[in-house]
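Listed next: structures, encoded as structure tokens.
Below, subunit A partners subunit B and then partners subunit C, in two separate complexes.
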Partner chain A sequence: MKSKIKKEHLKFIWIFVLLAVWELTARFGPVNPISFPSLAVIASALWESVITGDIISQIWFSMGFILTGLLTAIILSLVLASISTFSELMDSFTDTLVSVFHPLPGIAMLPLIILWFGTGSKAIFIIIIHSVIWPMLLNLKSGFKSVPEIYRKIGQNYEHSMAGILFKIFIPASLPFGLAGIKIGWARAWRAVISAEMVFGATGGKGGIGWYIFNKRVFMDTPGLFAGLIVIIGIGILVEDLVIGKIENSTVKKWGTSQ
Partner chain B sequence: MRKKFILIFLLISLLFSGCGAQEDAKENKTVRIAEQFGIAYAPIQIMKHQKLIENNLYGATVVWEQMANTTAIREAMVADKLDVGFMAIPPFLIGWDKGMEWKIATGLSYVPVGLVTKNTIGSLADFGTDDRIALPQPGSVQHILLSMACKDELGDAGILDNNLVTLSHPDGLNALMAGNEVTAHFTATPYLETELESSEYDLLLDGREVFGQDFSFIVGVTTDAFYQGSPELYDAFVLSVQEAVDFINQNPQEAAAILSEYYDMTEEEILKHISSEKADYNTTAVGTRKFSDFMVEAGYLSKGYEDPGDIIWEDVKYEE
Partner chain C sequence: MTYMVEIENLVKSYGGLAAVDDVSLKVMKGEFICIVGPSGCGKTTLLNLIGGFITRDSGEVKINGKSVEKPRKEAIMVFQDFEQLFSWKTLESNVIFPLVDLKISKEEKKKRASTYISMMKLDGFENYYPKELSGGMKQRGAIARALVTNPEILLMDEPFGSLDAQTKQELQNSFREVWQKTGTTVIFVTHDVREALLLADRIVVMNKGKISRIFENPDKMPTDIRVREVTDAILL
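For the complex of A and B:
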């Protein structure tokens, strides 16, 4: 039998199967409803958070942080990567930075960050930048290195300036690497924000999605906790499949530089 | 293809059904207690050191579990990994409200608790959006007392809820002293006294004043399964708490000497705290009604208890 089901549809079938198993276990399994609520209860908790606007404003808050942090980190890593392509000395310097800081999880730096920057938005911002900048830099550097030397020479023949060579040749030619870096950076920033919020609590104003989950935990609102997790999964899928997927389709895939 | 599907489905369901199955064969002479540190928990340490439970019931074994905080204790009790936990009344009521089968077995202690602020902050109204208040966690007794004060002074119990930072007592002390955005710390003995030694910080709220009457800062709670399943052990436990409390009240000097082995404090300091007039070791559970009424009114609980027997085991001394 040849499978006529498309790959995307298969994903939905699997999700449905998992949900069915969950519901059956919650209803008929030997589980405590306090720790294993049924889907209906979770759905109504989610609905309630959406109606009161809590979860929406908290997602907004977290996303705002991530976007500004992500952008700053991308710009910083672009600068570092560009300098490295034009100077051997800087190249070894950034290599050293990456090998020192890349393996260090943001959450492990938390105690130090609290001591240095307190527990406010500054601290969260630093954690995001730390989580994004190193994988981004690593990707950009390998991207720039993959650009054939002859391209650079063509740029020089056209008498482009350094910036011209960078923006017209290096960045477009290494875009698949850059996008992969953004993908990793986004995932790491998202995790960093959630874990940081769960450790410090609210960070200015309403607090984000991590604080939402933390609050549900301390008030023992397990359905609400699951609602928060579902929202996190949903946003992850949305950003990765839709936003980043769209960018890929209209750039690297369209140009044929990546599959 | 279809067969494969069914097979995988079955395998997955098996995987999940395993989660809930608990080992029923619990030895009925073992009690699992969360060990906690601090002046307010002093009787627990005495109970452990003097092996009171083991002496009160022949053949009893006590397993002392290390837990990070009240929430972890509560979760462990839901998962049946713990029989006895010590906590303040508000986190207990939150669990009860959510359907946990547990009740108060004994009162334990009151120690000074209050909100320490930088002296630039003269009242609750002075908190700006950038000021942060460190406390152990939302839903803790510190948080509920803060909400009570906010309700009284500012008319809105939750007005400062988004200014909270969750930090353990020692971390909260460091954060306050570091002088960043944490400008207040709702804490208890001995951190309270340490912070107030500096002239830069004042006591803005005192727990008892906010509450308006005496209350138990810490109570002992046991699960229904333990109460019903091991009545002998339950009795031995309650008796041991009473003995530990009496020991501290009658021999504070000796108690301080024992505690100094476990706590990172000198004997004199401990003696000062445990024999302070403001501290009170007492097995009567006090203040449940007022906490419950306020928490229902402010929306932290969905329902209050009707009869004290709903939340307190039989024969436990209490004053609502």
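For the complex of A and C:
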């Protein structure tokens, strides 16, 4: 426990060192302040975009996409993983799907998706689902396969239906795998959304955080660009450490089943 | 005379090799049967057939006069593996698990669970997760869970087989007491002759898929003579 606290402290010290190096370079280094602004300038740009609500509404826009996309992809992969567990035919079918589509980066699908669905929110939604569903399915399938045979037998012994065994036993028993899948899925969805927003520009009047930083470069608003990047980093840390970390602490870590 | 379990000419083979070969056995209500034999003699296969976990090739297995086609709530299996409690549930929730679909109040479920938790001497550990319990405690928990629905039959597949000698003895004694209280019919697979002599009303010796001998065991005293007698029958 003691060393854990120390490690956390070290993290902050390193962040402070990095910021100090940044600030020194910006002030005294051979850099152009327009493309390498000082921390104070970035901070005020960040503050301003927060006050005007500009950055918050863009984030809200992007996060809305991610959450709905992530949720849809999780449900779809749960359905696919479940039918694969009970049918060998479907198992090989989903294996094939994963091996074909998993290596295909979402961003590579963009031209095709634009051709088929245009550049609207539907297209972004489809890219998110594509980015999340395959790693999620892969994880859920190996999670379901890791469920001990005994657990399944106990479910049968109490005459639970297949759906009952699935919800009461398979899903909680393979939660470590599910959470790993959500972690990867989240990271991929976040990347996919930012890339797609940059390519698509503003859809429906708003562009999301990807469009926001892209636009800042177009107008040479470098402090605003950095403000956007800081927010992206902040959200990444918030989601991975706080949201997913909290879920892990109250489930798999508490149960002692985390991998 | 009605029997709890009736097995007639039961056969199950794997790849042409008969694991259970023409076995017939009748078990009375409330009887404690131990099946002993060397590894690979078919005792676990027989237990799984009685439980309906595997399908038979031919013959008949009846529980309460009804043919067994799939696992049923009447006959609950307890395994040797320590990891049979669900890792994501506390001990109490594990014991409540068989009751979840029952239309009784939450308090009533807790009350029933606590009866069997006490019976298996696990008071105070209700809120522990399986990873925090020792092997012996996990097996006690598994037995409490198996008993909570008050099943007609317990099918036990070497439940104490992986325990150290002292813990094993403690569990044998508590389980014997519990069995006397509940009156459940028990079919108990073991390769420990002493254990069989301590617990069983009748000891069924299996060899190469067949029942080679049945010992009556009214005294339930594993004396050296008795141990040798049964061991000789196994080695024959």
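Everything below uses one rule, namely that the second predicted complex is superposed on the first by the 252 of 259 C-alpha atoms of A that agree within 3 Å, B and C clash if a C-alpha of one lies under 4 Å from a C-alpha of the other, contacts with A are read in each partner's own complex, and residues count from 1 in each chain.
Keep in mind that, in the parts below, a contact is a pair of C-beta atoms (placed from the backbone, for glycine too) under 8 Å apart; a residue touches a chain by one contact, two chains touch by 3 or more.
Worth saying up front: this structure is predicted, and the values here are computed from it rather than measured.
In the superposition on chain A, contact is made by A:Pro172 with subunit C only, not with subunit B. Of the two partner chains, neither subunit B nor subunit C is touched by A:Thr96. When the two complexes are overlaid on their common chain A, residue A:Thr257 makes contact with subunit C while staying clear of subunit B.
In the overlay built on the shared chain, the residue A:Thr52 is in contact with neither subunit B nor subunit C. In the superposition on chain A, contact is made by A:Glu159 with subunit C only, not with subunit B. Comparing subunit B with subunit C, the partner in contact with more residues of subunit A is B. Contacts of A:Ser44 after superposition: neither subunit B nor subunit C is touched. On subunit A, the surface touched by subunit B in one complex and the surface touched by subunit C in the other have no residue in common. Across the complex, subunit A meets subunit C through its residues 148, 150-151, 153-154, 156-159, 168-169, 172-173, 175, 251, 254-257.
Contact residues of subunit A toward subunit B in the complex are 1, 3, 17-18, 21-22, 24-25, 29-36, 114-115, 117-120, 199-202, 204-207, 214-215, 217-222.
Taken in their complex, subunit B has these residues touching subunit A: 1, 9, 12-13, 16-17, 19-22, 71, 74-75, 78-79, 91, 94-95, 97-100, 129-130, 132, 137-140, 162-167, 171, 174-175, 178, 180-182, 300.
Within the complex formed with subunit A, the subunit C residues making contact are 51, 53, 70-73, 75-77, 79, 81, 83-84, 86-88, 97-98, 100, 129-132, 149.
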